[in-house]
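Chains: A, B, C, D, E, F, G and H, in written order; residue numbering restarts at 1 for each.
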């Protein structure tokens, strides 16, 4: 197993020039690089300096692959409830890919139309971990939690209006999930969900420090 | 159609003696009477003065039937997510019965165990309205909303701990339901949900004032 | 009775092009279509592709009637407290109409000028359901609830400033209505209120699944 | 005009002995004395030491009249929405009386039963100021504000459950009143409302400092 | 005593054209007119149609005096804590003037510089009512409440940042004032404070309905 | 690998008799059983009926081992910041053990005394997942997150007073962790944290459905 | 200068036996010891084991002086607004004394009675730091901040009711103080305020590490 | 020791012209002047009128040194957790410098990368007071509080998204610090933190009023 950990730039609140300058410097170091929350303007600046970088529009991620890291851990299923949640789901999916994780996207499977979700039951069952992005009432993780025997990482999104309170309602709902296999990250934090999932896969598969020690001692 | 409207006493914050005294006075007037949020102590006081009254333990309702009102409107399905939600569901179900509504109880059908809910799909389809009681993340109304072509009256319950905030999380979740056929009443307000459902049945079926007028004119 | 259920597009957060493209595709399928929260720009894009569509300016709804659905269910009264609540009330009224419901508008009847509301008492009495839109303290549903024997669907609006908190105050007020026949939808959710009202009418009048079964068996 | 200002003890959080000791000391000074939020236990302690004191059970006020202050200012109308609001209304009414204000009580006139309120319209019109106590949605001050040409002092009460949040909902509603003649005091603060009303009567009628000066100079 | 009550337009959320059109129509009726929360753009539109109107820049009020109402009730002192609170204080002061109330402005007297406030003690003592505008911690009304024997109407302002929460902190502080003669209106609601003050003056001085009756009967 | 999943009873809100009755019934079925949030009274009732059960006092868990499940997955490190957090940490640790997970306890390692935490660095490095329980400001997960290359499951506790708001402050802090490998469960939800960790171990190690399929096909 | 730092036990949530056992163990080590938030029951248990300990009733602190530490740093003035704030003020004052700080108590100087505060101006001017405890609107620190040229440590107390929200209102008010020399600790945290003040005195007076180094090098 | 107190202008909410006009007037008086929260536009206006002023870009402070005040008190360490917190840290650092305090900047030492912080331990130990700026979970002050024997002034920043709630989460975290030597100022209030620190240094070192008196008497 190989789980690559690229350098990560959080582009929000940085000028396009700042993002490009940091990106180029990191790219120069030879590893993989991603910038999350990157605007088109940031992308325009980066591609001038690092032509081989790519822009994932929905995910708002600029990425650069320079290592031969294979996305062979997983798979992790990334779900979202509605089409408005796709940017957050894509932030998770693209981040996970750069972290070396194989991703299955299962989008637009909100709980008010159960048949669409149930039709994907097999994909869910295959997943080693499930990332579930939902706004409004944030009910999807509870339903998914009941369908799988894997950890569910829930990402509340800021989708909704009125008493959605910018994602707070979804966040609270997910924290109170009646499914016991659900843990939660910050509102819109697709990046964090992917990171936690990757850590799970890496931590499970990698030999631990003491195993390495014992291995080295026995050789 | 006959939808009885009993006199209603809100027993919370009243002494057993006050409840009994009001109950007896109303009983004397000859109609049906119910007292909600009634403690055992209140029930002890009432049954001294009105021996023919009944106590619905789970619902915490003291009731008295004196009219020949038949529960023939409906049916209304009353659902709850977990066993801890049963007192609220019973408050709704018993109130509805006293309001002349036929009730179908569908309990302990939380969304993390979908199969139990889906097994009741036929009962749901029969219902003219559905009352859904749930605490914690309050996700059940959204799922139910997608399964029926009837109005869903959602009752958040104060079941849960920590970030459940005494029902606030369930309340917010229900208000943001992605199912469009969901309306919400106050936390733990099983009574109100039943009342809205009964009003709906009464209002839909009863001839309107102008229909009565036209009828009288044409005769 | 005929209650049409058009296809519904939630235009907020979609580009004019996306709205137009989806609208045209749905129109092509032959049924009725509405897009809510539609900006003028979205309307400009839609009318290029679907010239027979209409724009309801106050309601911010683009609609297309292609079926012969008659607005003969109801009537449902749609009230609002102040002129600033009219966009939400119109969202409810126009949606209801597309759902086949006859609507009576009773606008600008805030509780601080009771005479205006009381002058409309007859219209209220006729209604099978009442939708009440109000911002600020959101008191209107309670007063209306006491005047009618029909279900009241309350819509808090984001009208107000300071401690109105974008509709939260009105929402909380409506959830705590001292009138028992009040249920509530999300802030500014005129669409949802109309949908619940239409579901009530449809559910009450349509034969249930088992009635259809019995009818088919007896024939 | 004569507006007496008694000494005031806030008995909450004080032991019965402390209340009695302070009360006796103040009584000794010869003026009027009241203790608000006084439990029966406090009353038992006070009456041992100051036999001529009185206890107003609903208002939870212990009072002592030692001056010849006449309650001839006003009248001020004290309203409450439901019977559960009576303790707060009585705190206002009894306080006002000890402050020399004539009080008209208009209780149990909630907005969901408008006829009861409208039946008291004449009493309201007579009032120089109106104190309105209400819990739950707190809608009564807005309706009353529209019926009178006097200042309305609104007192939110902690009556209600669930999303009433201990009076917060009523408080927010009153602060957002669509009637412009409404000002608000703290939750359950009947004492404060009476005090503001008395200050108003005193301030409006008493000659101002400069009038006194001019009067003395001209004499 | 003469307390004029002008027609009032709440200009926020209305287009300049709407404001101008309503203003002109009301002006035509012959009475006094004011529009609060009026932008420069609204003022430009109004003055085209009603050249004799005036704009009070700080108060953001467009006013028109057409009656001979004299500002001879009062005086009411209008205070503010900092210079950023002046727009709200001016909304109160200008409104009060149009309501026939004499106003004394005492600005920039925040509690962290007590000497400035104490230097105005005489002006405060003269006032029949005091309006106090303050943002941030909103402490000024408590201090002023202890210095005067008149009602204090507190106006929290949205001045501040961080944990000022748009005026919520000041609002809560004012509601919990340790001075008993303080009542509160909505955040930034200078208009409402002036209205309540004017109602106090009007209500105190005007003969009541029954006094008028007795007067007419005795004549 | 073998990860046992016992039957779980949530004892809060159930009477001792109810807990004992459910526990005995489940024990009868032959598997492992645990009851969380179990009071001493519940334990007294259970041990009458199921003498071979055990009570974990700090964890408030009643457990019964009837299978030969070995706690050989993991290890999972369970940390807590202060001694008051121990009950929550124990709920996590004991639950994990019953779920077949090997647990390393690292208690009383709050961030204001870093040396104690840093002394445990080796234990942390060994862990496949880390559960971190902390109240008050909830800072521990961020520090731990930076020390390990494993997923951190953060459990806010209700320890603290004043602005700790019953665990809300710790919850919000953990959701905003600057360490990207942190996910969060509900306040005081040690059970849920252990469940997520166990699911992770189980999901990562078990062959997936398709692997099983391929294995069976190739054999 | 000598600033003693006693061992500190936080007794809340510990049984009397636990407090006594820890206290005795620490006393045995020979230094000073205090236990904050100690109930009478805890005191009863401690004095059995450590007879020379003392109980400060209002402060709820059990203390033991075993060193010759002199309270000669400071002075620090400890203020409180009302008599109900005294327990918190005493927690600060007694803690400060055990930390070697000389304390001046200035109690019951709420801002609605300025003369009492202004009468203590000289005492305030002498203080090297000022600790200000206040509940309700928490306005006192702002006024005091304007009177002194020393740092003000503000302690919000949970005194008040209704919209005081258990000290939240006072906390928010203090954080938004218009006086720039104010910093804030947690609600009711008299201990923390004293600790910060003592740290300040100790830090300012003690030679710094590099000064010690230079001193040792030059000798 | 010499601690200069410049005149301070809060530029937020003032036009560039207003800032420049006030700045020039104060500069004319001969002392030091600073304007905080000053935009580039304000700086452009000021430098026209006061050419010798300086602009500190990151701190958004315009400053003018006209006295010979030396920054010789302290040192005070100014820390921040992430690069996004630098503007707030700079507001503190630059303010402190103008107040005559020597500043040590220790930036980008967030708790998820402890080694960077621990590498600065010596600098921290030298500091007489420590100002710690952090957003998101605001954990840094607790860690720093445990490393130093000096007062820590914590500044929550509005850095973060989602459940960071504009700095509220960091604020709450800091108020609940498990380190007892932490006090807190408003969100983003770098200015206030520097002011409190300077007051500490000034108050500790300056002779008190009575010391001055005694000195004068003995001479």
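Criterion: contacts are C-beta pairs under 8 Å (C-beta built on N, C-alpha and C of every residue); 3 or more make two chains touch, one makes a residue touch a chain.
Model, not experiment: these values are computed from the prediction.
Engineer: Between D-E, B-F or A-B, which repeats the contact pattern of B-D in over half of its pairs?
Structural biologist: Among D-E, B-F or A-B, the interface that shares over half of its contact pairs with B-D is B-F.
Engineer: How many angstrom between the C-alpha centroids of subunit E and subunit C?
Structural biologist: Roughly 38 Å separates the two chain centres.
Engineer: Provide the C-alpha centroid distance between subunit A and subunit D, rounded to the nearest whole angstrom.
Structural biologist: Roughly 59 Å, centre to centre.
Engineer: Compute the distance, rounded to whole Å, between the mean C-alpha positions of subunit C and subunit F.
Structural biologist: That pair's centroid distance is 47 Å.
Engineer: So how far apart, in whole Å, are subunit B and subunit C when each is placed at the average of its C-alpha atoms?
Structural biologist: Each chain's C-alpha centroid was found; their separation is 25 Å.
Engineer: Using the touch definition from the top, which residues of subunit F touch two or more other chains?
Structural biologist: Correct list: 162-164, 168, 171, 175-176, 186.
Engineer: Looking at the whole structure, which two-chain pairs count as touching?
Structural biologist: Every touching chain pair, ordered by label, is A-B, A-C, A-F, A-H, B-C, B-D, B-F, C-D, C-E, D-E, D-G, E-G, E-H, F-G, F-H, G-H.
Engineer: Where on subunit D is subunit E touching in the complex?
Structural biologist: Touching subunit E: residues 8, 122, 125-126, 128-129, 149-151, 153, 171, 175-176, 180-186, 191-193, 195-196, 199-205, 208-210 of subunit D.
Engineer: Write out the stretch or stretches of subunit F touching subunit H in their complex.
Structural biologist: On the subunit F side, the touching residues are 81-82, 110-114, 118, 136-139, 142-143, 145-147, 160, 162-165, 168-170, 172-179.
Engineer: Could you list, by residue number, the parts of subunit C that touch subunit A in their complex?
Structural biologist: 12-13, 156, 158, 166-168, 171, 186-189
Engineer: Please give the residue numbers of subunit A that touch subunit C in the complex, ascending.
Structural biologist: Within the complex, subunit A contacts subunit C at residues 84, 159, 161-164.
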